[in-house]
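In the part that follows, the structures are each spelled out as structure tokens.
Look for subunit A in each of the two complexes below; its partner is subunit B in the first and subunit C in the second.
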Partner chain A sequence: MSIDTPSVNATAPDPTSAAAARRDILHRLLMTLGPILAALVIAGCILLAVGVDPLAYYGYVLEKGLFSPLGIQQTLTRMAPLLFLAAGLIVAFRAGMWNLGGDGQFLLGAVTAAASAPVFVQLMPAWLALICSFLIAAAVAMIWSLVPALLRGYQGVNEIITTLMMTFLGTSLANVLVKLVFRDPGTTVPQTRTLPVEDRLPRLFDTTITSGLLLGLAAIIIVHLVMTRTAFGLKLRIVGANPRAAIHAGLGVPGLTVAVFAISAGLAGLAGAVDIIGVQGNVRADWNPAYGLAVIPAVFLARMNGFAAIGFVFLLSVLSIGGESAARRLGVPNHFTLVLVSIVLIVLALAEYVDHRYNQSRKA
Partner chain B sequence: MFLRLWAFMGSLSSLPGADTCDIVALAGVTKRFPGIVANDSIDLSIRPGEVHVLLGENGAGKSTLIGMLSGLLQPDEGRILVDGKVTQITSPRHALALGIGTVFQHMMLVPALSVAENLLLGGPWWQRPRIEALEARVAKITRSLGITVKLHARVSELSLGEQQQVEILRAMVRNSRLLILDESTSMLTPKGIDELGTLMRRLVKQGLAIVFITHKLKEAAAFGDRISVLKLGRKVGEIPPERFRALGEQEIISQIVDLMFGKQKDDPEAVERPIRKVSVEAAPLLQVTDLAAAPTDNAPGLSSISFDIRPGEILGIAGIDGNGQKQLAEALAGQRVTTGGSVRLEGTAIEMLSVGERRQRGLRYLTDDRLGEGTVGTFPVSINFFLKQVGAPPFWRNGFEQRAEIDKRAAQLVREYDVRTPSLKTPVARLSGGNIQKVLLARELAEGAKVVIFNKPTYGLDLANTLASRQRICATAARGLAVLLISTDLEELLSMCDRIAVIASGALVGTVENVDDARTRVGRLMIGLAA
Partner chain C sequence: MTGLFSEVFLGALMFGAVTAAIPLLLAGLGEQMSEKAGVLNIGIEGMMLAGAYLGFVGAFYSGSLWLGFLTGAAGGVAVALIMALLCVRIGLNQIVIGIALTLGLEGLTALLHHFQFSRSYPRLPAANATVIPLLSDIPVIGPAFFKHHLIVYLALALVFGMRYLYRHTQLGLNLQAAGDKPAALDVAGIDVIKTRTIAVLTTGALAGLGGAYLANVGAGLFIPFISNGAGFLGIVLAMLARGRPVWVLFGALLFGVCLSLTTAMQVAGINIPTDVIQMLPFLAVMIMLVLFGRRASLPAALGIPYERGTR
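For the complex of A and B:
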């Protein structure tokens, strides 16, 4: 493939650290963009095979997701919940914990926000009501993560399995809550009470972009700074990079584990809340956008870097908004976006492997 | 000089033609790994009808030697002769084809499959397994050896001893002429060990050659015909069958003890122990009384551990590796739950405190697992200096990292401890073992240390770094700190310690003042004899 970049020479003695750093950044860039281009080519071949012009498909995706005024506004709005989810995943993955229960936590947060916000706005000023909804949405999602967190922290039970199981339970519970407990008696469709548009998060300027986007950006940047600049973040990274070193260094690993899950799930809950309070206004029964799993590849592509994650979340939004309308026009299934993203991920992993082998053989 | 001559004679005797009865012979075989010489020009002759015992402590180079015989590793220098011909054993499959079967230390059977299925593994994939032929063959072999093997039982239902018989049987089914048993008794019950011994005797009676690796002297004397002793990668002696038969068990054991623990004339590491004055009246800095911990699946528990260390004193812990040394260090540092006993630092009990609190009070633990738990390999050198102080001022203020303070102090430590690193940002795993050890030394000996536990501080280091580390440890004691030095290298302990305690099966079996006859007394304690 086109990825095997001989530009970096890991074993040569560093002449100057600046040049080495520049080479390193160049290498990183090539190792990230190369596979994406290769993946676009492979996905194009698949489109050709099913009889769709890949250039037309990519053209629609770009036009609808990026270049049309309405499209870009939708894309930026879609980013808000994705950024919160990405922030939560960055915390978990950097600490070496696989919180794959994002969807359950997201939906429970969404339902909590949808149920509480219409009540709170009648009791208190709108801004306070929204803050309260955000907080209890986060709290509910945190509580939902407690079971996997305690099992992992104190019993060493694999969190991949427990979080996935909890996400099934979580999505079902969210549905039950919508249908039985928080159902709006005023409509025939099973859904929660709708938050009036004027009480939702304000839109930015004269666009349809939600101000939740700013909250999402703030969340992911704060998470990035906490993980890279603070003692707390370093402790989490030590747990993630070498759990035995964490024990050796005297860190309270079980407590940190619970904290990681709480933060990660809390951010997923906030993602649900920001989508409801900012955009949707209510939760319909059986609504599950499955953002949680879609964001995972973006976070990996960004290598758990907050700033890079913003870029990849943007890319994911463009692909999903553009993919939705391209799907309608060209008859490609909606899920082709996911196919594209997974091809990118596989090619990236291959590139990483080839690069690693290449470096090893140079060293040997 | 004597050694050289001896090695020369050894290589003469294993030249083709000189000794035609060797199945396999090693001539001057050397194997190096980064930073260590695992085998240093080893000569060995393996003959049919003999149990050749390889004795040595952990790290003596036994496993490397077996790796080369079974085709897993290739020697850097020297030759391996099979049936008198120079042969390169390129792979485990090749070794099997040559008739060299190996039973590894850890069981290599598939527990979910039946015994017969395990025996048939590795056959040609395009053929149906020939169970009937196997049954007939196994029946013939087991009858001649006087053992019974349940062919249709699942391996997971067998005891460890039975599993081992299956592994030996597997080697026999494949027509092995040389059977290598790597630490085969380490997981067996005393009864299982006796049975294995009987089985080995029957096998050699049928003309098989056996290489039996162990570090238990009694087994060596009971089951062997010929004994070779390895020490730090070198073969330091051999007892041939003629001499073996002439001596009684006790005499053999005492000869081996001499070989294993005797002082070598040309040992470059030998240093004179500096005379330190340890005042006897001074109150002990560290007092440990009846410390106990529960055993786990793969580690012995601790029991009746009691000792104290005065300021400026080095107490050594000697013992064969895997007898609870690591558990002792972890229990003292607070990483392992204890079930009883007390640990007092300057008179205050600390056994209930956490790892961090114990460190705060001046108890430092320098781990032997430098990359596994001592450092985070992907993190820069600078952060690894402060891994145990995350969040503490002046390196963190209000939880925020003070990059300048960290780099300043790290640069200072790099200079002070002579850490050779391309930069402070270099991931610590890229450094050599010796430089990683310097990072750990700098971290543990920094301000506030009162008692320092060194666990195998020179393990795997080259000579220069070994000497530097030892100097650091002696300087630590000279500063008036109490030092607990855990090591499997007896020379090291003898050259540095004031007293040496011996650990066996998780208990301290005796403490010896490091005076004239300490070497033999510690050696005898280590192999389970009274000092």
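For the complex of A and C:
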């Protein structure tokens, strides 16, 4: 799989900074697109093995996910919740906290938004109602993360176990809430009351793209800037790099831990809210898109860089929207998208390793 | 409702609990070994799915459950081999690769199932139990614990085998050193990479076996996403057990009882969502953690790839 050994900056004879920057961007582009191509080839072999024409499949993926006007709009819409999730994960991972509970926080945020928004829109102007729903969704997700945060901050209990358990709990709780508490009496299928389309987040211009996309982009860019450009971000990164050193530097590590979890979970809750208020309109029982699981590796591959994460989230969205359509047209189950995403992640990780090794041996 | 606590009902409930606990136990024991050796194996869910699928295929085409267990374990090992290669040998990020493997195997097994079995949904005949004489005549406990397939007793024996391994053997010590201070192990002349690879492959075999049990004995058929979080539960169990195999057993039984209870409630026609009962074991563990949460004793080098010569 080392087809893509970087050939770009092999010879770099003291270039001017502009040329170096251009070379760097070109190199990164190649190091991203090359592995994706390689992954497509490997995944294509699997398609061939099960008797599906890979070219037709990828053709449909690109046509629907990227090139058709309707498809690209769906892709951009899908990005909105993923961007919020990625933003939340960037905060947590940069601070060295493994918040693997994103899906539970996401679902609780979604259910909260779905339950509150239809009530709020009857009480107050729509814009205020949506803001209130967003805030309460974020607040519920934050409260949900309080137990792992306090346990980690004050007792040193490993947050991987606690957040994983809270995500199982949260998924069940979300279902219980949909089935027993917020169930729409007007329907036979268990689901929450549907938010009327005119009260949802406005769409951008004349398209079907949700304005949640802009919110998501704003969230991830703000998070990136806070983490890289502010004192608060520096503190969190110190905690992430070496918690003991952070204590010696006089940082209130337990308090910062709680803050990190609150921000991370709050953003995951907002992801749920933006998906419900912007797109779905209601939560059906047993609905769990499990976005978190795909976003976690993407954030790692982006090296917790907000701008790179936007790129990876876009890629994930293209694959998932395009994959759904291609699967439908070719009569393949949609599960192949999972395989494709998996291979893309593995090959990207491998390419990064090869690149790193190559750079090291060049320096030595 | 009156028969809810009858002897037969309790026996069936406990029988179901043990059946549900075995895959969790195998996954937990496997994950425990990986974690002891310093590898956070998040791909275990994928290994279970590979084991469930290949285990079912093996048992279905050969007609032998044992061959099914063997192919299941082999399936788990195959996935673990990728994990060992990428995360132990060349040191890629364990969380990225683990999640990617889980996603990939979820998709791949579902896809293969679609092309092979989605029209017929074939079932295996019920596994024949090995009834232990005398012990199985004890009321409630007898039918609950002593009328299972032989593999169940082997899995229970494995708990004590693992205990022996960690306490009394060189390999056991090597595994723990690989997780706590790999550099020291290296200096002692033991190959860290090899030790960790053994751990990851064993995890794969156990997780694959757990998956095969889930499909062949627990359900009698393979359905996509059959593991349904059992691998992640295994991770939770392994971390809660703090390195003790017997604790994994207790944890697995606790979760098994709750899983069995959900089925029993549905059969008894009790009208609360199964989600409520599914929450119970997690609630219990979270409360335990809140009350008794002390500093978790995880291996110091957990999740950190070992590279000779780096600090």
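Criterion: the second predicted complex is superposed on the first by the 312 of 364 C-alpha atoms of A that agree within 3 Å, B and C clash if a C-alpha of one lies under 4 Å from a C-alpha of the other, contacts with A are read in each partner's own complex, and residues count from 1 in each chain.
We adopt the following convention: a contact is a pair of C-beta atoms (placed from the backbone, for glycine too) under 8 Å apart; a residue touches a chain by one contact, two chains touch by 3 or more.
The shown structure was predicted, so the numbers you read here are calculated from the model rather than taken from an experiment.
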Contacts of A:I36 with subunit B and subunit C, given as first, second, both or neither: neither
First (subunit B), second (subunit C), both or neither touched by A:L301: second
Contacts of A:F336 with subunit B and subunit C, given as first, second, both or neither: second
Partner chain(s) touched by A:L345 [first = subunit B, second = subunit C, both, neither]: second
Which of subunit B and subunit C A:A139 touches, first, second, both or neither: neither
Dominant contact partner of subunit A by residue count, subunit C or subunit B: C
First, second, both or neither for A:F168, with subunit B first and subunit C second: second
Partner chain(s) touched by A:V147 [first = subunit B, second = subunit C, both, neither]: second
Which of subunit B and subunit C A:L62 touches, first, second, both or neither: neither
Partner chain in contact with A:Y353 - subunit B first, subunit C second, else both or neither: second
Contact footprint of subunit C on subunit A as seen in their complex: 46, 50-51, 98, 147, 151, 155-158, 160-162, 164-166, 168-169, 172-173, 175-176, 179-180, 293-294, 296-297, 300-301, 332-333, 335-343, 345-346, 349-350, 353
Subunit B-touching residues of subunit A, taken from the complex the two chains share: 14, 17, 229-232, 234-235, 237-238, 241-242, 244-245, 247-252
Residue numbers on subunit B that touch subunit A, as the complex places them: 333-335, 354-359, 365, 367, 369, 372-379, 383, 387-388, 390-391, 396, 399-401, 422-423, 425
Subunit C residues within the subunit A interface of the complex: 40, 86, 90-93, 95-97, 99-108, 110-112, 114-115, 224, 229, 232-233, 235-236, 239-240, 273, 275-276, 278-279, 282-283, 285-286, 289-290, 293-296, 298
